[in-house]
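Each of the next two complexes has subunit A plus one other chain: subunit B in the first, subunit C in the second.
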Partner chain A sequence: MEVLQLILNGLMAGTVLAVPAIGLTAIFAVLRFTNFALASHMTIGAFAGFIANTTFGLPIVPALAAAFVVAGIIGWMSDEFVLRPLRASGFVTTAIGSIALTIALENFVRFGFGNQMRGYDLPLRRDWVISGLRVSPQQFENLLIAIVVVAMLFAFLSMTRTGKAMRAVADNPMLASIKGINSDMVARLVSFIAMGLAGLGGMLSGLDTTIDPLVGFRTILSVFAAAVVGGLGSIPGAVVGALVIGVGEELSLLVLTPAYRTAVGFIAILLVLTFRPRGILGQRAY
Partner chain B sequence: MKGLNRRKVLKLAAATAAVGTMPVRAYAQAEPLRVGILTPLTGAGGNDGPRMLKAMQAVFEEVNKAGGVLGRRIETVVEDDQTNPEAAVRAARKLIEVNKVPVILGTWASAVTAAVAPVCWESKTFLMTVSGADTITLLPHQGFLIRTQPNSKLQATSHGEFVASLGSKRVAVIGIQAPFALPTKEHLDTLLKAKGGAVVSHVIYEKDKTTYRSEIDQAMRSNPDFLYLNGYAPDTVVLLRDLYRANINLGKFCQSYAVPQATLDTMPPEVSEGVMTGQPSADVESTAYRSACARLGVKEIDGYEAQATDWASLTVLTIAKAKEASGVALKENVRKISQGSGEKVYNAIDGLKAIAAGKEINYEGASGPCDFTDIGDISGCRFRYMKVAKGKLEFLKLV
Partner chain C sequence: MEHYLVAMGVTAGIYALMALGMNVIWGMAGLINLGLVGFFAVGAYTSGILTLKFGWPILAGIAAGTLVASLFGVFVALITVRLRGDYLAIVTLGFAETMRIIMSNELWIANGTDGLSGIPGPFRQALGPHAFNLQFLAIVIVAVAILFVLLQRLTRSPFGRVLRGIREDEQVVQVAGKNVVMFKVKAFAVGTAALGLSGALYGHFTSYIAPDLFAPLLTLYIKLSLLSGGLGNNVGAVVGAVLVVFFLESTRFVIPYVPELSAVQGAALREILIAVALLLILRIRARGLIPEKVGDFPLPEPTRASQPLKP
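Up next, the complex of A and B:
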């Protein structure tokens, strides 16, 4: 029973982790760099959703949409004006630039909202107990929201012309360009969607706890671990990676004290990179 | 550059060197006395750091208005330790090596202080802190460190007596990974055992997690009748929410810094209902406390603001007593103004006047008597216990 409860807890945590992890991996697939600015966009999304929820009184789902749109727009702008000029200097420069960008953006949020923690206007519900297993209604809703978002993204990538163009650029930018796909437009779209997902993920994780300017920074290492374990660049891989990290961290409690929980994600990275350098599902975008 | 030759270059260099020395001498008279402030303005301590900073600046401003110390204005150089040891060490190095400060005031988290302290004692810079872990004053700091916060032993003993007074016998400790985690649990266990109880489980968790459901399950397996939550604000909020969701209605105790009013406001009131908190109390009946409140223009200040007020006053008075602003002077003279049989003074201005009049002084602070042991601990302190009712902190008792 204890193992089942741990697996359940891990799946809940992993699913929420999957949303921003998809963002990170999508940017890598198309733009070929690890965009650590994802952390601050998680924070921006969490705060945008917070304003939508507490100032404008919107329920959670429209507030999540606000989180997606605001983080997406800022993600597109920050890529267009800050990171894009750096891309000519290579992968490492752009990734380092994204770290600087995330710290700058995080401090903008701090400047505007201060350091204190804030909570969404949301009643806190007791856990459901089903056959001895405890499930939090909020976490269950988060799970459903995350599944719907991921399903919509997969449908977009596989069924729409724009989605297919994005996959084409991710698979082979040169060939896509010869076929007349505007790779700049695809890059902008990817930045918007990926950072929108980051914002959504930031708000989802805040719904369960509280938010402050460090909400994204706290999660980014686990998000990064999920994307790498699943295969950096593979969108289904990010989902698999997030679930592996989520469940792995929880199951580790059977043999380790909780103080070492984060180490599990990084041991997983080491193992995967050693035995399967391209991650569990490899690097194909889709 | 055509007309330059060896002689001209030498003359120019000599003239520049001569000019260079003149303004330095003229400026030295008015050169401000720099004091380093290293509080957490961000991170888990971001709620307390800015208020501590204000409290210190208010004292220095008052002293500057009264003419400064040793005829020099006090200038604060403020850095953010980010509640992060690595960032704190970088900031401390900058304060010491670039700003040449003789003293650093303000480290908050024990892990931060443990990292910054060696940088300070190696460079003979004095450090004043609120970190409570026992290990802090056991470091080989050669006297370059004092703290106004009671150590883990003093805190855990008082908390243990409080918990035992509630009739609890089986206490589960759920705490963050920090230098104070293990000593607190051990002191708590010793005290409870003497009262017929015990710590029945101890779970140490990592910071920055979005859920602690499994940690709570682990702690609950030992069937406790009371929970002692030993974390910082961001993680304690997560713990309290998870405890509420799991329908666990045991008595709960937290450090007051983990659930300040601002944190309570982020939670539905039913989540925090009945949580009890304890904190080293400012000496609310003292003259120093009232004068600190007046200086900040507020009705009451908390233990951290009171301690920060005391650091600023101790710094000024020690420098005045030693007639020298260096880390060594602070180390050798701080106890000459903080304890002993001298005239009791309750703020920096009165202390400066007394020192100028050639009197011996004993500074009695806003946070307490400010008497330090040889290793830099305070010898005693009061504790204030509060209880949360309908989302607000209510006073329980002062011990």
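Up next, the complex of A and C:
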């Protein structure tokens, strides 16, 4: 029973984790670099949602939309003005730049809000118990929201013209530009959507606990693990990877203390890179 | 004030050791290492534990710290070096975080978040605090000098040339028959050894280490050192480290005078300044105060046969 409960928790946590992991992998697919600034955008989203929720008194779903939009706009601007100019100097420079960016943005949040933990304004509800399995209503709502967001994203990518353009650029930028797709516009759109997803994921993961400026950095290893395990650059891979990491982190509780949750992500990365570097659904890793 | 300057000198020396090590990995071989603090921590903890709990002599502890950090470097490099650089970035960052988590939670290794205190320093009791700091400054300067000379030789050796070749164009080096993977692993081994050495020295200097000290910010300081001094250049690495310590310490004096700023805000502002400085240097593609010299080996004059055909 305990194992079942852990698997259930893991699936729910994994679905929430899939949201920022998709953001990371989408940036990698289109812009071809690992954007470590994802961490601070998760934090920014969490705090934007916090303001919308506590200061303006919005319910959770509109607050999540605020988290998406604010993190998305900052993600688009930071890519446009900070990271894009660095990409010409190569991947090492861009990766280091994105680390510096994430520390700068995280500290802007710290400057404004301080280090103390904050909680969202949520109604208190009793956990549901269904045939011995315990589910908190908040977790369940998070699960539903994450599923809806991921479904909307898949629909966008496969049904709309813009979504197809994005996939085309990810697939073969040269061919896409010959076909007349404006790759700069696609890059902007990817930055906006991906960082928006990061912000939304940051708020979702903060909903059933508390938030502080480090909320993004604490989760970033799990997000990277999800993307790498699923295959960096593959969006369905990010979902699969997130579920694997979510369940893995929960199952690790059988043998390890909760503090080691994030270390599970690291072990998963090492294992995948040793035995199947391209990940479960990825194309290539070199 | 003199006390303070001596302590800053030691910090600058330890940063210089790290910058020299990172210069081999990043400046020469063009590889990324975002987990610098992890290797620094491994050096500090290895030496701290061996001298404190097992009574090893300090020199042996430092040597062990250097070696163990290097072994971890080889391990991390072996897993990722064949893959795209992005994976090396992720794995090194994850390594540092995982080290911090382990050290924070395993009480039996090194007291968890309380950290290790009372790490012995050479002649700490006999000399008293002031003379001890001066002595340590001398030790660190000697260490920087030795490492500098060794790395300077390495830079000019065929090994260093191959590393720079890998940085510029891996395929060309491969075509020349060099085992690129082995060279990258070796670059990591040398660089992380220097990081371990600096960590070990740091522990013996302050006598106290804790997981909190090994935050990712240190990685940023060292990158800033290298970029401001001149990437790919050992002199630049040392000069940059001194500059960064000076910059960090001067913000410590200036920020308290900014009115209506809490301590947390001051610290945040400092980190923002560091990050923005780093981004600016990256952005304007500055080559640092002392740019790496290229063209020590002039290209051969084109011979008649290799001249382009005129239409």
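The rule is short, and it goes like this: the second predicted complex is superposed on the first by the 275 of 286 C-alpha atoms of A that agree within 3 Å, B and C clash if a C-alpha of one lies under 4 Å from a C-alpha of the other, contacts with A are read in each partner's own complex, and residues count from 1 in each chain.
The criterion applied here is as follows: a residue touches a chain if its C-beta (ideal position, glycine included) is under 8 Å from a C-beta of that chain, and two chains touch if they have at least 3 such contacts.
This structure is a prediction, so every number in the text was calculated from the model and none was measured.
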Look at where subunit B and subunit C land on subunit A after superposing the complexes, then choose clash or fit. clash
Looking at the overlay, does A:A13 come into contact with subunit B only (first), subunit C only (second), both, or neither? first
Scan A:T210 for contacts with subunit B and subunit C and give back first, second, both or neither. first
Should A:P123 be classified as contacting the first partner (subunit B), the second (subunit C), both, or neither? first
Quick check on the superposed pair: does A:T219 touch subunit B, subunit C, both, or neither? Answer first, second, both or neither. first
Mind working out whether A:E250 is in touch with subunit B, subunit C, both or neither, as first, second, both or neither? first
After the superposition on A, what does A:Q5 contact: first (subunit B), second (subunit C), both or neither? first
Based on the superposed arrangement, let me know which partner A:N172 touches: subunit B (first), subunit C (second), both, or neither? neither
Using the touch definition from the top, say if A:R134 reaches subunit B (first), subunit C (second), both or neither. first
Please indicate which partner A:T160 is in contact with in the superposed arrangement: first for subunit B, second for subunit C, both, or neither. neither
Residue overlap on subunit A between the subunit B contact set and the subunit C contact set? 110, 115, 257, 259-260, 262
Where on subunit A is subunit B touching in the complex? 2, 5-6, 9, 12-13, 16, 110, 115-119, 123-127, 134, 136, 138-139, 205, 208-210, 212-214, 218-219, 250, 253, 257-262
Residue ranges of subunit A in contact with subunit C within the complex: 28, 33-34, 36, 82, 85-86, 89, 91-93, 95-97, 99-101, 103-104, 107-108, 110-111, 114-115, 217, 221, 224-225, 228, 232, 257, 259-260, 262-263, 265-266, 269-270, 273-274, 277, 285-286
With touch defined as at the start, can you tell me which subunit B residues reach subunit A in the complex? 41-43, 46-47, 50, 177, 203-206, 208-215, 217-218, 233-234, 237-238, 241, 244-247, 262-263, 265-268, 270-271
Could you please specify the touching residues of subunit C with respect to subunit A in the complex? 26, 30-32, 34, 79-80, 82-87, 89-91, 93-95, 97-98, 101-102, 104-105, 216-217, 219-220, 223, 262, 264-265, 267-269, 271-272, 274-276, 278-279, 282-283, 285
